[in-house]
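These are the structures in question, set out in turn.
Both of the next two complexes hold chain A, though its partner changes from chain B to chain C.
== the complex of A and B ==
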């Protein structure tokens, strides 16, 4: 099976709209991250400005990264390659652009409501009911648009990227509605321990059934295209796809290993967390063997470079994740900055890198022109890479200091001065990432605009 | 395997439905029947309103509410049980401890300490990185304090009863004047501790260590010069002790050690035995004695055999 594409007459308005959405909200999302990081080192800097108190900034950062930057970026590429892989134009560009507009409206509402303190208080499921409905709706519309495109396809065989995008959209619409307890508009929650189990089932599925499948879809498109190589193995594609859906959905309770939830559920979560090696390695071996001996081609295309780096980060974050699900490891890593480091490898290093890569890989093909500036894109690559690896290093060190000190009987307060310097470094690296988002936005806007003079 | 659109969509939905049944619905079947634990009680209207403020301001992102068997910090006297959460809607377990776990925080401090701490956390805890919450206004802060004081339910209520009893006693003693106040404070220290001088000699290094501990733990209330005029002072009653009045009032190193270790329940003076090890308490006590009381009994008899490190 190959990622063969057909030239089709299309404006790619939807794909462009999603790329712009991603680039814009990456700026806002990383600004919120930088703001939160700054507040942790200078808590009186923003004293008594209720709208940006840390507890409202943090969920805004996380939701914007997930639903503002990464998901639209991955969908931007998908709205380009799904029609190409199916040999037919998108079912409806008007519906697609409308979806993108509705998506942006939901993101604006997200920022406003969280700033006002309107939240349901559940991590990854903070958004109030009207926004929940909007999110489910935009995923449903996206799924509908893709499905109708599939129905009109000229190419008989569905390429693996199409599987992942279809599954990612429909499964997310379902688990988002379920995890946000959408049938209870006022609270969006269950009561007590069942609420924790449902929340983390959903919380982990944001990565397992949204970011990972969409990232895999983009990777399966970009890497074979950039290397002009057929996909290494159809069997591995099948194994990776189905095992991802089976295994990833079991593991949410590994967030609750130290909480009084049923032991058998913890066992399921731990066993499946280790079993995550199967979908992860099936996917990675497939991609890496496809690219074997062709790293030069990947290096030559900045989009493919982002994507390939994302696959390496996927390896690290997944193997780390499997280990972190072991109770003995969690004695040290739970509740501290180790987990924050892990989250940044996953969402910025893996899914974020691939989202940016998808955007930079597909934009020249949408416009028929090279990127406005390859240099700026490459510069952004290094800023994101250094910032993200830097995050991982300093936050992992801080987490180890916290975790070991706590095990040793030291109080949370006592450890604060020891991790301060790492918080300062983290904020500095956050500035790097935020700056890279500004450069990226400029580059992407200029690349999509009709060009009057381009930079090298 | 032929991957038709139907196979992809229906197949993944069927898998999801099966797994939802296994990892969500099956556990729901018996976790939803959890019975309340021995400490559980229903929250009052004020406490529920405070909980809403807690949620609206994202307190859950820095404070867990789930004490583990391996914990030593705040709340470590009680490991979380499923029955503690039967009325939590939503549950607020939290995933980070940027600040301490507060599931059992009720009654750890009196209300006035909390008010000073919410106005600016650095007033009571100088190293804190928690945001100031003065912007919430007095009404919401009052409810928030009611919520925090309810954490731990019946255990918290017992601690609050203790806080209120000793608050009344401490206010009475404070209002009776410095002589009566100091006598009252010392009277509640076991005689053995009162008779113990600081067993270690005053040294420049020891004073420097004491100075550092004082800045990190004491300065917010007792002030940089030990006169009880730290920034938290205006929110606290009885006000933080002015150390300079302790001169010639028979304050031993043992009294200072005991008060720092154990705190004075009812007043804003917390216990520091979880934060500070023995040497740090002796050092900061001697720092206070040397600099603010100008009367240290360090290294006087009875002091036992000199410790091995002494020069």
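== the complex of A and C ==
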């Protein structure tokens, strides 16, 4: 059984704009990460420069990675494959390019306002109200463009990637508005424990209902195409999709197990965190069975290689996340660098890898030419992989030292010298990631520009 | 008083999700699943690529990282259980 081949006339202007956005902001975001890591080694380095003190650098790094690098990268791939899966051109390339421009304007405002100290002071939800509105608006515009494309589709069945991308856009628009308490422009917050519950409902969902579905959507497209094999089971993929929707929305409170939130809510959060094994394994079994016996083909395509590696990291971060929701495990792993390691596996190792893979996989298909440099892309792959695995190792060790110290009632000042060497190593690895972002940006820009003699 | 927000969100979420689910059910989205498996393969990519020895080596390297990660995860779990 084969599906018929159809040519979709398209300029891919929107997809290209989002790919460029991702490549550019990856440089800025990783620079902020490197700066923050350096400040942890030398706290006085930027003491008199208000705009780049650690308290402003960290939220800038996180928000830029999330909304500047990873999400646009995944959307860049989605703007390529959604029209192809639906057998119709994108509803409006003009609207798509406008969305990309508005997205970039919001990112510039994000950097400027955080540097000025304009923040709502809630972790992951620091952005001030006008930028909150802009974020919701760009997600709504993206959703509208995709939905109208779906409405005009020639293909009756919605492939699972379409489900994931649509859900990722609309759920993020809703979750972002709710989690940032957008109806209270001055504070962007409720009060007390209810605010903590709402904040972590958002804080976890911004990964689980944005990065996870978009990454799953890209993977479900890239792996079958790269292996030239049909998906192992479309039914299983839909089961994974719907179980993700049911389960993921409840787990944010596992960030608050040591806080006086209602016990029933903690129980729901823990049970559903463990139940995340269902959508995760449904996804991974499906992808890995599709790729079974074809790993060589995957590694022969640098985009697919990024994506497949992302699925392996997804396995780790998800299993880790389920266990970290257990109170006994959390006694050691919470409030220390273990969580930072976990976040880096998830956002860089899983979603970031898949975003880069989506970009590298789709650019040759958009331009009709090979990448400017396959070597540079491969080099970037290994830099990101080594940097990310290195982050995981050193931050996990540092986290265990800290967790053990907290359990034994140690004071912070006695622990800091013990973890200093790990912070130095982490900053070195951060330099690797930042350098890889520079190489990636150059490669992506040259790949999108008309070429005069490509490299091997 | 935070319950109204949460209840409203749960109610809206449930209604939208169930509406979509039943739309999908009636629209035949859960039928013809065999054909759906082939949808990404609409586009022709040309002849298959050759698998190089380097690609195989990379695969083994990745497998080593996976095994190391699994071992580290198991070690941490045992560590956490020990301190409990």
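Simple rule for what comes next: the second predicted complex is superposed on the first by the 450 of 456 C-alpha atoms of A that agree within 3 Å, B and C clash if a C-alpha of one lies under 4 Å from a C-alpha of the other, contacts with A are read in each partner's own complex, and residues count from 1 in each chain.
Convention: contacts are C-beta pairs under 8 Å (C-beta built on N, C-alpha and C of every residue); 3 or more make two chains touch, one makes a residue touch a chain.
Not measured: the values here are computed from a predicted model.
J.: Should the pairing of chain B and chain C on chain A count as a clash or a fit in the superposition?
T.: Superposition check on chain A flags a clash between chain B and chain C.
J.: On the A-aligned overlay, A:194 touches which partner chain: chain B = first, chain C = second, or both, or neither?
T.: In the superposed model, A:194 contacts both chain B and chain C.
J.: A:97 in the overlay: touching chain B, chain C, both, or neither? Say first, second, both or neither.
T.: Neither partner.
J.: Looking at the overlay, does A:309 come into contact with chain B only (first), chain C only (second), both, or neither?
T.: second
J.: In the overlay, answer first, second, both or neither for which of chain B and chain C A:245 touches.
T.: both
J.: If you stack the two complexes on chain A, which partner ends up touching A:255: first (chain B), second (chain C), both, or neither?
T.: In the superposition, A:255 contacts chain B only.
J.: Considering only touches as defined above, state whether A:411 meets chain B (first), chain C (second), both or neither.
T.: first
J.: Could you say whether A:85 touches chain B, chain C, both of them, or neither, answering first, second, both or neither?
T.: second
J.: Determine, under the contact definition given at the top, whether A:297 touches first (chain B), second (chain C), both, or neither.
T.: It touches chain C, and chain B stays clear.
J.: So in the superposed three-chain picture, is A:53 touching just chain B, just chain C, both, or none of them (first/second/both/neither)?
T.: The answer is first: A:53 touches chain B but not chain C.
J.: On chain A, what residues does chain B touch that chain C touches as well?
T.: Overlap of chain B and chain C footprints on chain A: residues 158, 160, 174, 178, 190, 194, 197-198, 238, 242, 245, 249, 331, 407.
J.: In the complex, go through chain C and note every residue touching chain A.
T.: Spelled out, the residues of chain C in touch with chain A are 2, 5, 9, 13, 17, 21, 24, 28-30, 32-45, 48-52, 55-56, 58-59, 62, 65-66, 69, 72-73, 76-77, 79-81, 83-84.
J.: Which chain A residues qualify as touching chain B in the complex?
T.: Spelled out, the residues of chain A in touch with chain B are 39-41, 43-44, 46-50, 53-56, 58-59, 117-123, 147, 150-151, 158, 160, 162-163, 166-167, 170-171, 174-175, 178, 187-199, 201, 209, 238, 242, 245-246, 249-250, 252-253, 255-256, 258-262, 265, 268-269, 331, 335-336, 339-340, 402, 406-407, 409-414, 416-417, 423.
J.: Within their complex, state which residues of chain B touch chain A.
T.: Residue positions touching the partner: 1, 3-5, 8-9, 11-13, 15-16, 19-20, 22-24, 27-28, 30-32, 34, 55-62, 64, 66, 68, 70-74, 80-82, 85-100, 120-122, 125, 127-136, 216, 274-275.
J.: Which chain A residues qualify as touching chain C in the complex?
T.: That would be residues 1-6, 81, 84-85, 87, 155-161, 174, 178, 190, 194, 197-198, 220-221, 224-225, 228, 230-235, 238, 242, 245, 249, 295-297, 299-301, 305, 309, 312, 316, 319-320, 323, 328-329, 331-333, 365, 385, 389, 392-393, 396, 400, 404, 407 of chain A.
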